[in-house]
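Same chain, two partners: chain A is paired with chain B first, then with chain C.
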Partner chain A sequence: MKKYFIIPVFFCLFFSCQKKYEVVMPDTATWSMFNDPAALPLTPASRPAMEGVYTLSKGNDIFGDQAAIKWSHTSKGSDTTYHVSGFFGKDIAYFICEGKQLNGSILLNGYWRKMVSTETGIVHLTISAANGAALLLGPGPVITPGSIVIDGFFGTGSENPGTPITLSYIRKLNNSPASFQIAAHRSGGRTSDLLPVSENSVAMILKTPEFGSTGVEVDVRFTKDGVPILYHDNTLNLREVQKSGLVGPIEDYTYDQLSTFVRLVHGEKIPTLREALDAVVYQTQLQFVWLDTKYTSSIAPIHAMQLEYIQKAAAIGRKLDIVIGLPGKDQFNQFLNLADYKNVPSLCELGANESDQINAKIWAPRFTEGTQNELVADEHTKGRKVYVWTVDEPAFITSFINDGHFDGMLSNFPSCVAYNYYVHQ
Partner chain B sequence: MYTSKKTYLLLVLLALLAVNSLLAQSNVKIDSNKVWKSFVLQVGGGIGSYTTVVHIKPPALSGSVKRYSPVGTLRLLWYPSYRLRMGFETGYTDFYSYKVKNAGKEGSLHLSAVPLLFVFSMQVVRRVNIYAGLGAYMETTHLVYDGSVTSKAFVLGTNIALSYTYPFSSKLSIVAEAEWMNAYDSKDAALNLQAKLAWRFLRWQ
Partner chain C sequence: MPRFARTVIFTLLCFDLFSAAAQDTSFYAKHAAILFPYPMYREKWRSSLGLTLLTTPQDITEEVRLRIPCGDFRLLRRINDHFIIDNRVMFQFLQNHLSTGLHFMLPVNKHIYFSAGDDIGYWFGYLKISGFNSQGSGWLNYPNVALGYKTKNNLLISLRAQVSFNLYYKAANGDNKLSSSTSYYNGETFTIGLEQPFYNKRHLTLGLSAINNYFYWQTWSLFYKTNRKIFYPQITVALIL
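What follows is the complex of A and B.
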């Protein structure tokens, strides 16, 4: 009988189950108070006044002892959407809510997520009139420790929130160094981290301010017909796109072919660089764009677009740095072919010497090199900023912010960088 | 994660096959009392059915996805004096194809695959063999839309098969086989039903 044993074993092994990880975004449109027709938008002054470092007296077993609360917004035409984000110190947790006022109270409705797991759920928060809403909604709010108390509940999945959480204002957000950039990798985060939108998509660029990002790194490649697009890998594969029958290098296809046949994992089109920069300039308040050149041909077309969008941002009064990222020798050598390359804003991932050679605006060492404080100080004396990449481990993020002197940090977890930067004293 | 688990499972399977072959050497009757060492070439064809999901959606898709296509296989096996045989398999199949119509432009796409697999085989009962392979599939997109594109990618993959062999002579047999092709990196899989000729073109004792 031994020989027959092999057959079921064979099939069991081949067809064995695989665990599929997914994050199901909870439906946040179920809070009747928040949906009350009498609920009104918050006053413009109340949002920045609410920003700060809060201590948690309830819910701290899940989220940690402190939170940094920060507002962000995106615009489309005359419509502006505001979100308040709470960044926590435990398990790269955050909440993202919308805010309204109702009968003198402030209501915050949204979801929470932990990036170290698939845990998520609904969160309902309230600032009563006596706990700071009257102050925040009044004229010229002056906030002092303890003057704002946010009370509420959170739940797991789509269940009605029932676990209490309480946050009390303790101080303003850190803003030193003031120009510190929280740069989000792949336009905001990786698809593999089970975010609700795809990496390197316009939707992610519009989403990433909610994660605390002040800048984005995008991956630039060219289609067969010379259209610069955002795409990370060198081939079409299921990590980034839905199955469509198109395989092989993305450079084999025209933009029209990709636009017709290919969708990113969450259904978005692969964006052109122009669409991405339009979104950054006209729909967000992002201050920094890192064009990571994933190709080895001429830098000139990207440089032309860089200049165009720096001018467009300046024309509408936006402070926006757009730098050409040079990850390797091939790109570096192509960069040297640009006329006046020493005056082209660039970010060099090679050594400090190469950064000197091209007068890079930013030197970007890998995180494995450590804080390198002496080298960083040396670069600062040359007027050069130093951004470290790609830092995802929370302990490293904390250490680099507390012990390093970097001007920016690239991460797949901008919410973790935001927490550590804003609570830093 | 997907890749490493499948690979691990296949390695476990192959180990089981090897152990089983050592344990059961004496239990199987073969058609001849003579134990021949030989090389066998299998050539055949049949029909394949693509079995996994394709996500293409309107407006790109103007009709349905065609999931059935001819399949051909070439397999070279070494039959040693023990039960676990091994060899190499290649062939050709179209996993799927579809037509598109978008903004007045029409086109078509088909995705073909050439397996490049190291295969192991074992007779489990008289004339019935199982096969398991590990290697790669060379997938090729043939796209006609806004020009013509042929683009290739190598993806890791496996196959398993179950066959019945009916001998015509000591050198020639006919084989009926059901085969599961699984290019697991691209989550492309097909079930093939094939008829083959098996030619023992070289043998020795």
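What follows is the complex of A and C.
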């Protein structure tokens, strides 16, 4: 009989193995035309002029029939990096490219990814002079349907792009409601979404505009010595950080200990809230920050930092809303302890009544309650905005945008929200 | 009924006629089996009651890991010496799964047994608590085969391979509804089952399953959209009644 014990033992060993998912980002620096020393940056006017809704006549079997094309940029000192993103309607697909001009043509070089899978690859796109580049690079471009045609190829993995894709401009991007916020969960997406940077990191904050985000939600906790940091889970675990030997609640460690010994899954340091807000204010054009309070002690230190960074943003002419998120009763009660709490910008995840009580700037119901259009309309009459969280199912994202009246949406797939918002008519 | 299904059933009935020689009807007196593909020669009904426990991958379900055991009731109904109907109810009250299917049992010799079957399953769930106003349901199809080995020491070892197809999916959040009737291959499950006498003539079933699916019904409320198969280990412990 004893020999049969080996069967469950083997099975238990098998169960202890975890399947590791991985997206290997392709090397996009191999397009010789794009690397040509004669290739120049695009003109400032050409980028916004290129933005719009495009129809796909080739490649639509992979990406769907439409794309929303949008530019974003981040800055570091005097350096500004521009990316053009194409958001598609199928399988939460997108491409992210850099752009240059060469001999009168516009070249877009980058990668594509499907968020529902691990599929990715290189994409090379061209707008020839006759297909709109002359118009875009000329003075005061006026774009009409069909005046821009983007042609190119995409491949799978690191293979050279060989599958054709063609996009034709059909109309401007939707911008109604104009203040609609595409808020990225955990600053851009979760570890499980297999992005190239870690959730709740400065690197993700700088990456998320490429996914179409106009705002971020970040998770705030305190270290043992009282430093506010970004971290989601209750404990240090291998979902969020690399092996370090440190275990247990993050609140048990000082910031120096965490900074010295702990790295996020992609190697970044756990950022302080100050580092994160510095990145938002000085390096991005993000318009909205949701500070999700993952702790239950005093909210006063976070409020002080909120005021400081609202002032810093205003000082450089930035439009930036920073709100304190209240996910539960404990945080709500702590919020009531703030002097003049009714004038502190907040986002309340509890009911509409609690939002009234604290004069929350935003009421944020969970998506599982549905569109709640009547309640949303009530809140609008009180001057309150309503953001729904956390919507990841593409069919629900489409439905909430088409049938709901929300002012913002939190998602792990901001590119999917961006597609649905920008193509909405 | 599709021609293919008729052909399969006819073939299995032919096996039924020619495999009588391999019957070991004395086996029942000493053994009872739910996972083991042993024909029901003498009894009309056979049942078990137990629990299953599923482990969800931490990188996807994070801190919302399902740790609630799922009740598991199985009821087998004899049709003839080689055919049974396998009925199963898995229940967590907020989410439940019912299945039924026809199974063909073939004794190859006194130690080795084989079965093939096809089950249809229906799951449904409700979540109407603070912040949730969700419900979901769906249909699944589970073709399966099993191979059993009876040791000299009366331990019954079975290996079961099952694939699943998602036939229909419906979910609603408040007034927001979605449904899909696109059927697709959902994944595969491999189970090793061990069954032996346990206490007071009762028999114990221990099943260890490796589930590799795009969608698993116990995770419906997470609404996680993925085209990646997710690995769920599952353990089943049951007493044969």
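One rule holds for everything that comes next: the second predicted complex is superposed on the first by the 406 of 425 C-alpha atoms of A that agree within 3 Å, B and C clash if a C-alpha of one lies under 4 Å from a C-alpha of the other, contacts with A are read in each partner's own complex, and residues count from 1 in each chain.
In the analysis below, a contact is a pair of C-beta atoms (placed from the backbone, for glycine too) under 8 Å apart; a residue touches a chain by one contact, two chains touch by 3 or more.
None of the values given here were measured: they were computed from a predicted structure.
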Subject >> Which of chain B and chain C A:N234 touches, first, second, both or neither >> reply: second
Original post:
What is the contact status of A:T381 with respect to chain B (first) and chain C (second): first, second, both, or neither?
Top reply: neither
Original post:
In the superposed arrangement, does A:Q311 touch chain B (first), chain C (second), both or neither?
Top reply: neither
**OP:** State whether A:K243 touches chain B only (first), chain C only (second), both chains, or neither.
**Re:** first
**OP:** Give one of first, second, both or neither to describe whether A:V116 is in contact with chain B, with chain C, with both, or with none.
**Re:** second
Original post:
In the superposed arrangement, which partner chain does A:T191 touch: chain B (first), chain C (second), both, or neither?
Top reply: second
Original post:
Regarding the shared-chain residue A:D392, is it in contact with chain B (first), chain C (second), both, or neither?
Top reply: second
Original post:
Does chain B (first) or chain C (second) touch A:S176, or do both, or does neither?
Top reply: neither
Original post:
On chain A, what residues does chain B touch that chain C touches as well?
Top reply: 4, 7, 11, 14, 18, 237-238
**OP:** Provide the residue numbers of chain A that touch chain C in the complex, in ascending order.
**Re:** 1, 4, 7-8, 11-12, 14-15, 18-19, 21, 91-92, 114, 116-118, 190-192, 232-234, 237-239, 365-372, 392-396, 399-400, 403
Subject >> chain B contact footprint on chain A (complex, rising order) >> reply: 2-7, 9-11, 13-14, 16, 18, 224, 235-238, 242-249, 252-254, 256-257, 260-261, 263
Subject >> Partner chain A, residues of chain B touching it in the complex >> reply: 1-2, 5, 9-10, 12-13, 16-17, 20, 23-24, 27-28, 52-57, 59-60, 96-98, 100, 102, 109-111, 122, 124-125, 130, 132, 139-141, 143, 145-147, 149, 151-153, 155, 158, 160, 180, 185-188
**OP:** Enumerate the contact residues on chain C facing chain A in the complex.
**Re:** 55, 57-60, 62-63, 127, 131-134, 151, 153, 155, 157, 172-176, 178, 192, 194, 206, 208, 210, 223-228, 230-231, 233
